[in-house]
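Several structures are given next for inspection.
Next come two complexes, and both contain subunit A; in the first it sits with subunit B, in the second with subunit C.
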Partner chain A sequence: MKHIKIHEEYCIGCRLCEINCLVKHSHTGKIIKAFKEESPRAFPRIRVEEEGCLSFALQCRHCEDAPCVENCMTGAMRRDKENATVLCDEEKCVGCWMCIMSCPCGVIKREKKTRRIASKCDLCGGVDEPVCVAHCPNEALTYE
Partner chain B sequence: MARSLLFPEFKIERDKERCIACQVCVRQCANDVHEGSDTEDTVVSQEEKCVGCQRCVNLCPTNALTVQTRKDGFRPNGNWEDRHLRGIYKQAETGGILLTGMGCDRLYPVYWDHLLLNASQVTNPSIDPLREPIELTTYLGKKEEKLDIHWEGDSPVVRTRLAPQLGLEVPVIFSAMSYGSISYNAFRSLAEAAREAGTFCNSGEGGLHPDFYPFGENIIVQVASGRFGVHRDYLRVAAAVEIKIGQGAKPGIGGHLPGEKVSKEISRTRKIPLESDAISPAPHHDIYSIEDLERLVFAIKEAINYEKPVAVKIAAVHNVAAIASGVVRAGADIVTIDGIRGGTGAAPQVIRDNVGIPIELALAQVDERLRLEGIRHHSSLLIAGGIRSSADVIKAIALGADAVYVGTAALVGLGCHLCQKCYTGKCNWGIATQDPVLTKRLNPNIGRRRLVNLLRAWAFEIKEMLGGMGVNAIESLRGNREHLRAVGLSREECSVLGVKAAGEGW
Partner chain C sequence: MSETLRTDYLLIGFSVSSWFAACALREEDSSGRILAVTEEDRVYSRPLLSYVLGNRSNGMTYFGDVVSENPAEVWWNCAVEKLDGPGKWVELADGRRVAFGKALVATGGVPVFPPIPGAEGGGVFTFTRVDDMERMAAYIDQHDVEDILVLGGGFIGLKTCEALIALNKRITLVELAPRLLINMMDQTGSRYLEKALLKEGVEVVLEDTVERFERKENELCSSVLKSGRSLPHRLAVVAIGVRPNISWLAGSGLQVNRGVLVNAHQETSCPGVFAAGDVAETMNMITGERSVVAVWPEAVAQGKVAGKNMAGKHKTYQGSLPLNAVEVGETAIVSAGLVNPPDNGTYVTIIREERDVYQKLVLKEDRIVGLIFVGDIEKAGIYVHLIRHRIPVDSFREKLLQPDFGIISLPLNFRKHMVEGAGIEV
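Up next is the complex of A and B:
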């Protein structure tokens, strides 16, 4: 399975990954509409962590022994059989937030503005290159 | 405080329809031009601080920003240009020398743009570089007057001891930019690209960081008046040593790297105390004549056991031909000449824009003088200062250069937008800065790739132009001014350049 690799030494903290992730997960998929017209606004599943001159973009690591999958009581959080990514089945999610509590990286978020479901990186649904990687201006994220 | 008479140099236009207030511009501007709001979806810009580096424009995900030169609105005046007024306002406020970065940006004639190349028609065949080999390999160093060849049976043996040479796959070298003036990542990009493209990069006068010793075979190290980081291993690890006497951007004056920029790594590289000013004196204090220069050249040759070429770099000044002749006679294997448009990390604007001569004229005169004196083969000629394209490279070689240095072109390849604020240490592109937040912005893997691409593209173009002229090796073009013709130049300029006017035949 391909992973998004983080190169924190080249992360420039521009947050274009967050912006493009938000657009990718918006209704229209158009950047200006996603920000100006959609309400509630979609939110990014990637987050740039920053302190001093250190910064890096973090998203779901799709762990091999994913605690969120183990702890999900409804089976919403599951491992995709085809490409081994960890995905959340929104139909099954009841919003108990066990996944959030057990995630070692803190990369699962509550999509509570719309529905009570857990939301996380889905690797853009099996594309060749997730948008955060494709739009990183400094190749601080690579998909390999 | 008295109100400043200066007003913004740039106008920032933000298309409100497009701006999504994502604050990428806010986070990317080291000059704090843009300001976001925590409560509202708005970003405002303070144009006073904008340097026109275009970083925000480049990274804006919705193309909402335009940064343009602001129309001054001064009453038009043929004598008093905007730059004069701005300069006076600034100096009346500060009382200081105006500093700037990069090369001279004045509208002096660029002679490359007045020189045209030849091509083959009917009477001689042109060559298709995609079908036939065209040789760009260049060797820099002293060439022998004659070779003593001895035959052992059927095989020839050269008995003459050949002088050390630098072999280039493409006649373009990255010019001297020290670690200090540029960032670690910028230097790494240059060093890695030089190795991959089969050429060299110059360490500049700031020593060589231990991380770059493995790149020694592709690095020319510099010994300048400050002698920063010069020691036995520094000289021995490199492919060649260059003694820097002058720099095209600031002939006759020294350099000053402010203490704030002398970080731990730079102090380690330059072998000077942490946070101390790194001052390069204007002259070498042990060189006051050609004879003194000769002593330093041979002291270095002794230190490197005569195994590598020694270059001497001078700025193109009025008497450059005679000086270059002296430099050759002092034992330099390579003479580097840097013209008025050569770049710098920091120089007084008045010096950068008014001292020196264009490299084209200097090159033509030096090549001719060395030929007339019969010593052209004693040294290779490397020229620098304003080479912008492969056409400039090939014209320089036809005028008599062996190879060229590119500094500004390489930095532009890395992302430089020529905002000329290198001296502030706030380079938004991560090139001319030591700020750890900013240096990260240049990923050396991307930098290397871009520079290698640039050299590859130039090499292709040079081959196309050579093929068109019916020349299959760059050596055959060197100093062949019959392949050049001048347009729009006076008779005096043509004669200084040694080039006929366009329309004149053989």
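Up next is the complex of A and C:
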């Protein structure tokens, strides 16, 4: 099972990961349309945190004993047994926010679709290289 | 007397805490018999009920893998009437006896229902069980209910409002206290919540209660409040609280107070008999006092600890933390721990308030002990984590509640430890 590693010493705070994650999760998948035309605008599942010249990009850690999974009262949030990814099943999620209260990294967002759901990093749906990693210019995110 | 059956592990009540206990038991003991007996005819997620009522779910009522992956053998429609703790047996409603090696009392809570004149005869509901939900939904349909009274501004009352808003009903919420969520919200937070409710068409009546219900041709038609005000409604939901379901434990030999008293291993005063979830009275991790904290995450944690200890492992429960979340309209609200500290000089509060956002932290010495987040709740989990793990915040105190607060604000060691899980490095 691969994980996204965060290397804070290489992060330059350019936020290309945020931009590309947003585009990846937009309707059109096109950068200009995603930012200029889509409403509501998609949002990134990754957050660049900055303090002085220190910065790093943080997304769901796909925790082993994930508290968000344990405390989900529908079972929407679950850990995929095969690839160990923690994913939210939008069909089952009701937006009760128990997961938000439980995530120690604060990386779950509220999203409004036909109904409210919890939204977080889905590892880009299981691609070979997640887009945040692919677009990082300085290997501050690696997938290994 | 009929024959006595035997099981290694007996789970009394089959809901979330029992299921987590069953899974923990199976992890430790691959062959012991795990028998669960429950009064109801199915297993379901109680917090999910309000969403099902409000058509805000896909209709499913159970949670997770509880149906597909259940290590316990379950006897449905099978209430336990009597427990003999020292003798290690129970008697079921049908007269059968079951002897056990270890048992878990996980019978949850029952709604508080004060005697209100006129409540008998239909139309007045409590809302904690799946059949309450089904009867309520049917009643709404059959009686073309448009106006509804919700009595009680606690979490269940608010979740009920949330569901009924989605069904486009006209709702009046009546609460005796001067604010909503009396123990889990402060005055300011409550005002945000009241505003959000009002925006969704809910009228909030504070410092008042129902004196009697009135009926026309036997059908519920209105209520008269203590203030003298009369409110027309065809249906009423009484949601003024739940209390541990312990009446059946009379003569069991277990020590009870408000709930069943347990130690840090979830074991009762009677060795071999454990208790978990809404029925148990545990140590509150903030106040250090015994209390019943009837929420899902604690039922999960307690069930796991109970299961491990029943199987002979040594696992300790860290104490309970009251916490909950609700969203009305677009306004999300969460709270945890101690949110209305006594004014005795020991507590400090930090507040951030701007437009639709209200955030408050309560600190005692160098630890966070409570929080209220309204509007912006995304990072609530980070603060809850700081509360649960009693992390000293002195070194980053000035960053608390700043908009750019994050994992980066935490001391390096701690931050590494947090994001490291499963072979990840910072």
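Just so it is clear, the second predicted complex is superposed on the first by the 140 of 144 C-alpha atoms of A that agree within 3 Å, B and C clash if a C-alpha of one lies under 4 Å from a C-alpha of the other, contacts with A are read in each partner's own complex, and residues count from 1 in each chain.
Quick note on the criterion: a residue touches a chain if its C-beta (ideal position, glycine included) is under 8 Å from a C-beta of that chain, and two chains touch if they have at least 3 such contacts.
Values in this document were obtained by computation on a predicted structure and should not be read as measured data.
After superposition onto subunit A, the partners subunit B and subunit C occupy separate space and fit alongside each other.
Judged by the touch definition given at the top, the superposed model places A:V127 against neither subunit B nor subunit C. In the superposed model, A:I32 makes contact with subunit B only, not with subunit C.
Of the two partner chains placed by the overlay, only subunit B lies in contact with A:E139; subunit C stays clear of it. For subunit A, the partner touching the most residues, choosing from subunit B and subunit C, is C.
For the combined arrangement built by superposing the two complexes, subunit A sits at the apex of an angle of 150 degrees to subunit B and subunit C, based on C-alpha centres and given in steps of 10.
When the two complexes are overlaid on their common chain A, residue A:I12 makes contact with subunit B while staying clear of subunit C. In the superposition on chain A, A:H62 makes contact with subunit C only, not with subunit B.
When the two structures are aligned on their common chain, the gap between the nearest CA atoms of subunit B and subunit C comes to 14 Å. Taken together, the two structures place residues 7 of subunit A in contact with subunit B in one case and with subunit C in the other. Against subunit A, the residues of subunit C that register as touching in their complex are 16, 45, 47-48, 51, 56-58, 60, 62-66, 296-297, 300, 323-325, 327, 332, 334, 336, 377-382, 384-385, 404, 406-409, 418-419, 421-426. Looking at the complex, you find that subunit A touches subunit C at residues 1, 3-8, 47, 49-51, 54-56, 58, 61-64, 70-75, 78, 84, 91-92, 94-98, 100-106, 108-110, 115-116.
Every residue of subunit A that touches subunit B in the complex is listed here, in rising order: 7, 9-16, 19-20, 31-32, 35-36, 53, 135, 137-140.
By the touch criterion given at the top, residues 17-18, 20-24, 27-28, 41, 59, 61-62, 430, 435-437, 440-443, 445-446 of subunit B touch subunit A in their complex.
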